[in-house]
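Heads up, there are several structures right after this.
Next come two complexes, and both contain chain A; in the first it sits with chain B, in the second with chain C.
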Partner chain A sequence: MTAVLPARPATTPGEVPELLLEVAAVAHAADGVRALTLRHPDGAPLPGYAPGSHVVLTCGDRRNAYSLTGEGAPGEAYRISVLLRPDGRGGSAFVHGLAVGDRLAVSWPRSAFAPVATARHHVLVAGGIGITPMLSHARAAVRWGRSFELVYGHRPGAGAHREEVAAVCGERLTVHESTPGMLDAVAAVLADRPIGTHVYVCGPAPLIDFVERTAEELGWPAERVHAERFSADLDPGEPFTAHLSRSGVRVPVPPGVSLLAALEGAGVAVPSTCRQGVCGECRVAVVSGRPLHRDLYLSEAERSAGDAVMCCVSRSLDDHLGLDL
Partner chain B sequence: MTTTLPPRVARFPFPFPAETYRYATNVEPARRPVRTAGGTWGEHVVDVDDDYALDIALRRAVLAADPTRCAQLPHMRVAAWDALTTLLPELAAIRPDVVALHRRGDRWQWRNDLLGTSSSFVLGDDDSVPGGPLAFLGSQVQEDVVLLDQREGSLWADAGLVTFAADWSLGFDVGMRFQEVHGPVPRVHESGVVARAEQFLMRLQPGDAYRRTNWTMTVDRRLDTSTETYPDWGRDRRLVVDDPALPDRLHLRVEVQHLLRLGVSNAVCFLIRTHLLSLRELATVPEWRRRTAAVLSELPDDMAAYKGIERYRHAAASWLAGG
Partner chain C sequence: MDPVGRTVSVLGFGDPGRAIVHDWAAATPAGRLTWCVVAERADDATLTALAAQVRTARVGWRLMLAGPEVDVLAARAVATGLGLLDAEIRTAVTGADHKRVSCPHCRVITEAEVPVGAEVPCRGCARRLHVYAHVSRRTGAYLGFMADAEEIA
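This part shows the complex of A and B:
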């Protein structure tokens, strides 16, 4: 075939281009987990992506971010696996309702959880549906000859992509079906891997907390520990007022209303994509007050600098937050 | 305009938007044509012009004489393949009349009628492509290439193929942080330009493509003005001042720099395409002639010294203003 990849359409800064994709296959990946294959309706090749990238799906009136599970080579179809969350806000139910032939808007891939090229060894830790970005990491590691191992914990009989993961990883995979067994295995791995190893974890918050705490206790530098948290429902938060320093406008932000929604309600346009603190699009510069960071995007250094806020999920520690708008 | 300008003039990326020049984070989305007083430039990320075969042959000669112009730290292997497999399709898309790409699985076949060559390689197999993926890329595009790795909250210039540097050295800079690479540039650190540019680059997402221009001046149509060959070109900067041939020898040197986030490796690909236009050619466009004279006259001394144009810039401005 002749492979001419599409150039990304020109967009204005802050605008994220979308692809209109078609559901090419739907598969059962585990109890409650649907695996979708998405292709371009006319067969055009899709852009490549770094391991751990996600796409943002437009799910009816919501936008949800899902990890891509493929290797990321340019031209391959996109695959995502989605756990049905009956108590969620409807994004997962929407995806579970999709059938072959349905079309939906999918963002270009966005990278926020890529492997570190200089690492001597990569330890991948996956809990439950947190396997999805790790499957992508493992496939790419095999393709490019990176040294890696995968520690995968899930409830008995509920492991998504078990056979696929085993086929990709071979002896580099260990699987644990009990939480204590999983945590012991992770602790043992963290205790004796060579200097220069990086660890990547995705899964429930307690697993991530355990990895971060254990790595810190064992003396791992923070730059070698990488976590991707599930986006979770956030508490409504305290009320505060946004002061727009350029226009002089004051925008009240009540509990349960995001800063982004409040700004939009006041007629202030802010670019946004995922609205879940993942994609990094809605960053706004802070000129006064202390942000309450609740996003998954900003680095530790950027958080402590306190000069920017992801306004879709983050709020303010102070009664007033001054924004460069 | 009643006369048709030669392509070199019509396609020249004239870099001065105003009567004075200062450093700025002057980035804008790529792939948008820019209309100038002389014509148009900027439609594509890679560009092929009438000097294609000459430039490619010159790069081969420079590399043969000094292999350090192509440098790659070991962890940049994926990025090098990513750059190759991103930019060959770009070239195929804009010039299907002269190049052709066919892919079957991991085997890529590439035909280049401008050079009369055809090649085939296996994606990820370094031995299947002569010199490695970065060297092969440099044998197909006129642009110089630098690949930046992103880690620990910084960008690192960890690989590149640069044969047409404007008085800098890839061999010296490779492995440095972005901020260190720009260490010698006056004014840009105090004003935060470099830090802002790095933050901007680190937030580029897969498929993002931006561009900026930079400029200096060069005596004669000499693309290789790297630090390594300074003894060959340094003294011309002094000798040209009194040379009656100054308007023909002195060139405005403009770099069109593209910044792309590569999808697979997450590296930032920095492309530098160098354009040279003599003062005499420049002066065929009255607006360019007037504005370049104004910019050269007003430029602060520290900036002129860093660009290495302090000896002849007033002579150049004077010729443009009065000649």
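This part shows the complex of A and C:
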């Protein structure tokens, strides 16, 4: 199958400029995991990126976010690894259908999961295909001489990039093929690391929840704990009410219904494209209350400013969220 | 007492700091208090001892500082300089008359009893410094602003 998509110009203010890239190589990274190398068709160098960045691929009529697995140096080809999700919404099947020479629209890299520059030590925790941003972190840490370790848990025999990760990390890698073994190892690490350490986790929601809960119990401030969730993996969330400050309308948002869907149901039109927190289209200004950010779009600084929310996936920490609508 | 710290160290300065340190120590559950010191001032010896505590601490540790602002700020600067976050430090300031003011010209720090907005001569280069209401995170000193900057320019 060949899908040639035109590059999309950056039209809306929130939208990131896109690149039209060519598939330069396709490799098997593990059972069900395809690794793609993407290059500029005319060989032009690609922009560098912060470790842990992702790109948004236009997959037919869907837009999906995938972590870049490289070090991030300017000029490097972009590498992504995609797990086929037979029950997914088609993005991964699209990527698995790509062949060398196919062209596709790829966003500029976005950084929402970068290493903290002042950290004394970095603990990387990866579950399954959550290894992809961690491979990027590990490569960059080796390159810049940063202190780090990687705890990698995966199903027996199904570890994507296993050899590559071992070659990059050496002694700093521990691998676990059973869930209890993985959780014990993570808890032991969190119980005894020097002050100034930051922990980064990417993987299935239960692993992220375990890391966040255990870290909190052991006295880690939230500022030291960084998580990247798979966008398909969001829980239904708590109910809250959106207060629309301009119209005075109140819109209840029940669990399992996105803020975007609730607004649409109330007759409030908000532009949206990906509806999974990656494209930046559905940004709404927040005037009161604290957003619960679950998107991959806003930067860390924008998140902590708390004055905008990506309403397709994000919710509210407070019972009420005031929106500039 | 910070309920989320696994271990806690407490450092107080002078008599006002001592009283707070005793209250904090009494409120800390047994076994969690790893270091409890009251010093006269945030002098080099005290700050060196504090730095040794920070260097060996593990994540989950909290530092609590009590006493005059000038000492608390100097101790906090040492701790944050070694990677401690604001969320890991609790402070109780008992007074703020005394200040350390850094000179933008010669970098020397002048100690004086001076309110924010007033002027103090720099002990390094004798320039008049206006005490600006901003504390450097790195040095824990107030920023001095050359009072006659316009005239020089």
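Everything that follows uses one rule, which is that the second predicted complex is superposed on the first by the 231 of 325 C-alpha atoms of A that agree within 3 Å, B and C clash if a C-alpha of one lies under 4 Å from a C-alpha of the other, contacts with A are read in each partner's own complex, and residues count from 1 in each chain.
Rule of thumb we're sticking to: contacts are C-beta pairs under 8 Å (C-beta built on N, C-alpha and C of every residue); 3 or more make two chains touch, one makes a residue touch a chain.
Please read all numbers here as calculations on a predicted model, not as lab measurements.
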*Now for A:38: first (chain B), second (chain C), both, or neither, which partner does it touch?*
neither
_Looking at A:17, would you say it contacts chain B, chain C, both, or neither? Reply first, second, both or neither._
first
*Based on the superposed arrangement, let me know which partner A:150 touches: chain B (first), chain C (second), both, or neither?*
neither
*Now for A:118: first (chain B), second (chain C), both, or neither, which partner does it touch?*
both
_chain B versus chain C as contact partner of A:47, first or second or both or neither_ = first
*Where does A:194 make contact in the superposed view: on chain B (first), on chain C (second), on both, or on neither?*
second
*chain A residues touched by each partner, larger count belonging to chain B or chain C*: B
*Kindly classify A:109 by the partners it touches after superposition: chain B alone (first), chain C alone (second), both, or neither?*
first
_With both complexes superposed on chain A, which partner does A:141 reach: first (chain B), second (chain C), both or neither?_
neither
*Check the residue A:223 against both partner chains and state whether it touches chain B (first), chain C (second), both, or neither.*
both
*Same chain A residues contacting chain B and chain C, which ones?*
118, 223
*Under the touch definition given earlier, write down the residues of chain B that touch chain A in their complex.*
29-32, 45, 75-79, 82, 85-86, 89-90, 92-93, 100-104, 124, 149-153, 203, 205-209, 261, 263-267
_chain A - residues contacting chain B, complex_ = 1-5, 7-8, 10-13, 16-17, 47-50, 53, 72-75, 108-111, 114, 116-118, 140, 143-144, 223, 280, 299, 301
*What part of chain A is in contact with chain C in the complex they form?*
118-120, 190-197, 216, 218-224
*Where on chain C is chain A touching in the complex?*
4-7, 54, 57-62, 82-85, 87-88
